[in-house]
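Worksheet for the structure shown next.
As written, the chains take the letters A, B, C, D and E, and residue 1 is the first residue of each chain.
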Amino acid sequence: MGRLIDLCKRKLGDTVLSAHEQHGDETVVIRKDALLTVLRWLRDDDAMKFDFMMDLTAVDYLGTRARSERFEVVYHLFSLKNNHRLRVKTLVADDDPVTESVVTVWVAANWFEREVWDMYGIIFKGHPNMKRILLYEEFEGHPLRKDYNIRKRQPLIGPEN
Amino acid sequence: MVANYKKVNRGVTLTFWERIYVMEVMRGIIITGRHFIRNWVSTIRSYVSGNPADRGIPTIYYPEEKPLLPEAYRGRPMLVRAVDGKEKCVACGLCEVACPPKCITIVGAMRPDGTRYPETYTLDGAVCIFCGLCEEACPEEAIVMSPNYEGLAEYDRGLMLYDKEALLVPEEKLQGRLDYIRRRMFNKCNY
Amino acid sequence: MENRHQLDLNTELMVLNMGPSHPATHGTVRFFIKLDGEKIIHMETEIGYLHRAFEKHCEDGTWSKAFPYTDRLNYNSAPQNNVAYALAVEKLMGMADKVPARTVYIRTIMCELSRMADHYTNLGAATLELGALTAFLYFVEARELTWDLIESVCGARLTSNYVRIGGLASDLPEGFAGKVKEVFAKNRVFWDEFDKLLTKNRIFLDRMRDTGAISRDDAIAYAFTGPCLRAAGVEYDVRKASPYLAYGNVDFDIPVGTTGDNFDRYLVRMEEIRQSERIIEQCLAQMPSGPININDAAVRNPSKEEVKSNMASMIFHFKNTIEGIQVPKGEVYVPTEGSNGEVGFYLVSQGGGKPWKCRVRPPCFALTQAMGHMCKGSFLADIIPTFDMINLIGGECDR
Amino acid sequence: MFDYTYLPAPNLIPSIVEMMLKIVFIFSMNMGVFAPLLGWVERKQSALMQDRIGANRAEIFGFTVFGLLHTVTDAIKLLTKEDFIPRGADRPLHYLAPFIAVVPSLVAFAVIPFGGKYMLWGHEVNLVIADLNVGMLYVFAVASLATYGAVIAGWASNNSWSMLGSMRVGAQMLSYEVAMGLTLVGIFMVYGSLQLTTIGMAQENFFHWGIFLQPLGFILFIACALAENKRTPFDMPEAESELIAGYFTEYSGLKFAMFWMAEFLEMVTIAAVLVALFFGGWHIPFITHQGLIAAMGYLFGANFGAIAAMIIHVAVFWLKVVVWIMILMLIRWSLPRFRFDQVMKLGWKIVLPLALANIFITGLVLLAVR
Amino acid sequence: MGVTREERNIEAALGDSVILTQVDKVIGWGRKYSFFLYPFITACCGMEFMSVAGPRYDLDRFGAALPRFSPRQADLLFVVGTISHKQAPILNKVYNQMAEPKWVFAFGACVCSGGMYNNYSTVQGIDTILPVDVYVPGCPPRPEMVFDGLLKLQELVANERSSKWPRGKSQYEPRVKR
């Protein structure tokens, strides 16, 4: 197990649901309700100091996992000072796709969260402007969900096809 | 052998002459004016001598002059017609599968001698992205990216649907490309 | 204070909708601007006009079919995205160290060539929008020469589709090093002329300096990467922080600015062009010979001769093409230094021939997000240099 | 105040003929030669500066004439283009604006001398349409009219980009007109006249050219003139990347062409004023006006010699104008554009004080010399 | 002051008289060498468009170098790059704003047919919403291919009858007004 995972486990205890390391990438899965406190700690702690939120995305595991764990919201963090990276995940259920917004922790999360809402339909509680970003308001459904057909078009103009 | 961080020189302190615009304007004019006069003289020289190489400008007068393309250039995909007049394609369908925009459709058939051939082979030129993955997928070197890029524009999208006859080209015309892929791409020494 | 000033003068706020077909917005962004005279009070950015479902397409096809789609992310520097994706897949397959040395060097060269092309385009377009058309066209010609090099290797000018998982599409052409030398000699003349025309020109300087500035802390908070972050004085470059490809073996400088304004971004990019030339020259000098592909039929399609002669190779060829390369279950995030910033591929595999998820971390996305922050309080005309120096590439930002 | 001597009193018919010929000459020079030709020159010159060749493919029976025919094709195209008036626009003003923009730059030419005075068969020919003794004031007055064209165009178009453009035009032209007037005060002081023919005659000696007597005034005047002309680096009102096409965004076809033509004509006017004030007008360096007439008279006889001298002088004048136009174009294609507030700052905080200082210094020097 | 729509209708009523054909020829000749472009640039092809306009290939040779970003002054709508469904109403609007006569040039595979982006967000060829005059395939097309297309368009314009105009607005209205 990696150094960062050890640190996290020691400090966070049972908020870490699971952790693994693969190809040198360290991953911790965090309980959803503790997300904000954990991320804030990760940002501020001197040993961690994750000042960059490099990426925020989600993954849809439809058909391979229980419906209560269908979505994973994935945060890729980077620390400039310590030059290390950590992947933090949290699980989101299919029937209640809601999680905390981290805009208060990293400003950069704003658009990334909007994109996840747009593409996966996961709502971020506390986000200042939860609107679609890449698609248009009239679009129905969330295209990156595995049950959305890639060719299902919803044109704003012209013939339906 | 390492990378270093280096502060860029901002050049903030402009000298008095640079601050009053005039000198900088003059310098700019001298640079562009030099280009202007050089190109003017060389263009007139080429008009007089009739030799396009005399032009100092890099412009290619396209329909009359053609650019020199590198060997690696991927133009429109073409089917190879073997020396015996038959198509090399065996209608295995790999190109159809490998094509990212899915612009190829093949209907295979059997010749009396038992070899397979494509009964119809359609490539939608309006969809093709010239990526060369079909060439890479083809086990028979039957479809190659020809260096041909001319005459692809059309008035109608339907005209860009190329059938087998429009795609088939005798092997010797594609020899350059075939040589190239044998030598630089799928050669054994590259593995 | 501001409110009172408005009351005094009784000015009306003007709401302006800029884009997406506005010449300065590259056709892919819309700005909603609230103006007080010419001063921006509030600005909102709307993107998504070039959303082309990159991720959905990657999930739809096999692992190797994603390459043409990665080309069109940051279309100015297509080989970089190819390389980043290939590195991620190779790492996920656990064979990152098996890639031949020659391939590593060629990939480095292609990355740097495309970085040069990207910066030429970006700086050129910026000057075009500031009105200096001539300088722009000098850099277009410089880019054209760089593209000639890329074309002679990849076979296409822009969308190269050059890198493959575990190798490359083709070897370098004969006499490549000589051509590189010729092109660099010509490009340096263009670079010098461009530099003389603009860098110390006070008109240009006044447009660029102290506009669109962002502080060091804000840049980090907005997850800036690449030239824009370095212009703000943060020393971070993936090539240095975690060297990949051949970057550990070459000597180069990474320019870093101080104030994070547009002029620093301009200088950083100008300097990076020179440094890219240095890297390429060193790579060409160190270039090892040998194969360019992994000799493993399960990863890289075997050579055509082998496919024709060997039944097992033939089967692999068919399987790789139809089912796709088999990638073990797992997930990986690989950061690389794109021309705009950190391009990171986050891949999730559930086993099998298709990616379960193929996410790219778009540097422009984070940069564009800060547009409102950077432009607030400045003039309408400042949007143009700021937006140009952000270098928004629609394909990458909206994917 | 006004000197009425320019009115054709003594021998009416030759004077009217002379006047008509001069008007026709200037009008055809501007509308027939410069307006279309400058389009071509600008295109070709910018192309060659940028390592391109420029328009060269329009052909008629196989002749391309170096792309000159593209001017004709442009004219045909613009003539047959749909004339568009946006919804909500003020129709009469929308129609009127392009005319207001074009006319002043043509009319301003009336006072610019393109040659000196010549005796032909006992009739004195003065190569200026109207030899006003307040010539420069007239130029300023007329030039400021052009502002209205742009402002009205922007206002009548009912488009926020046009409106912004016309606001910028208004502000920019107003501020630079003030500065431009002041930069030329030095010249008036040196030559002691506002009459352009007088100023022209005073520059007979090469070292008395305006550029040598008023170098600072010259630089400031060029800056102001470029700003008045609304071309890069001062093209804020029509900055493509900011305001799409500025105040003429909503104009199409011929009306758009008129704005275009106005810009070129303004450039000719500016070049002509520059030559008349700073570059010795029609004079050839080191050859006096009467000297040339005498030399030509010696060769061809008095009358035809005067005609020959006249032709040479007019040619020299237009040659100088063409050279200046090309320099103005070089400037236009080499430089990036200012930001709007920087333009205003330059106008009010740099050019205006410098112009005042120029007047002061000129005054001191004149006092010292006399 | 240009030609109004009413005058056009008169021409249409007169039919193919000899004088009109000769006039058409002259007008066609004028128009074909004087395209003012509206570059509707969205994506990758835009980079190639820069090259087309750049020194190496020089679009100006065909008399088409003057990009007008105001649709009123443009004759030729250069649609360069992928058109997404979000973008399509704007393209339609720009087309409707253009003054007659107007032509549409489809630059690149995405514009011709959607190209490799056969998905939920991309318009499958702009000819589903606009009339297109010339299609140039390629992803992106080489500048030479673009010139081929331009030459074809010139041929088309040179032989056009004036009765073709006005072309009118696009037949589609956006479903949502914004």
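The working rule: a residue touches a chain if its C-beta (ideal position, glycine included) is under 8 Å from a C-beta of that chain, and two chains touch if they have at least 3 such contacts.
Computed from a prediction, not measured in an experiment: that's the story for all the values here.
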Given chain B and chain E, the chains that contact each of them: C, D
Any chain in contact with chain B as well as chain D: C, E
Among all chain pairs, the one with the most C-beta contacts: B-C
Label of the chain whose CA centroid is most distant from the centroid of chain E: A
Taking each chain's C-alpha mean as its centre, the one farthest from chain D: A
Geometric centre distance via CA averages, chain E-chain A, whole Å: 44
Whole-Å gap between the CA centroids of chain B and chain C: 22
Inter-chain centre distance, chain A versus chain B - centres from mean C-alpha coordinates, in Å: 41
Mean-CA-position distance for chain D and chain A (Å): 64
Where chain B touches two or more other chains at once, by residue number: 21, 28, 31-32, 35, 57-59, 61, 100, 129-131
Where chain D touches two or more other chains, by residue: 49-53, 240, 244, 333-335
In chain A, residues with contacts to at least two other chains: 135-136, 143, 148, 150
Full enumeration of touching chain pairs: A-C, A-E, B-C, B-D, B-E, C-D, C-E, D-E
Chain D contact footprint on chain B (complex, rising order): 21-22, 25, 28-29, 31-33, 35-36, 39-40, 43, 55-59, 61
Contact footprint of chain D on chain C as seen in their complex: 14, 16, 22-24, 38, 127-135, 137-138, 141, 197-198, 201, 203-204, 206-207, 379-382, 384
Contacting residues of chain B [partner chain E, same complex]: 57-63, 66-67, 100-102, 124-131, 149-157, 160
Complex interface listing, chain E residues touching chain D: 1-5, 26-27, 29-34, 36, 54-55, 58, 60-63, 65, 68-70, 72-73, 75, 99-101, 166
Touching residues (chain side chain C, partner chain A) in the complex: 46-48, 51, 53, 55-57, 60, 91-92, 94, 220-223, 225, 234, 236, 241-242, 330-333, 335, 342, 344, 346, 348, 350, 356-357, 359, 361, 365-366, 368-369, 398-399
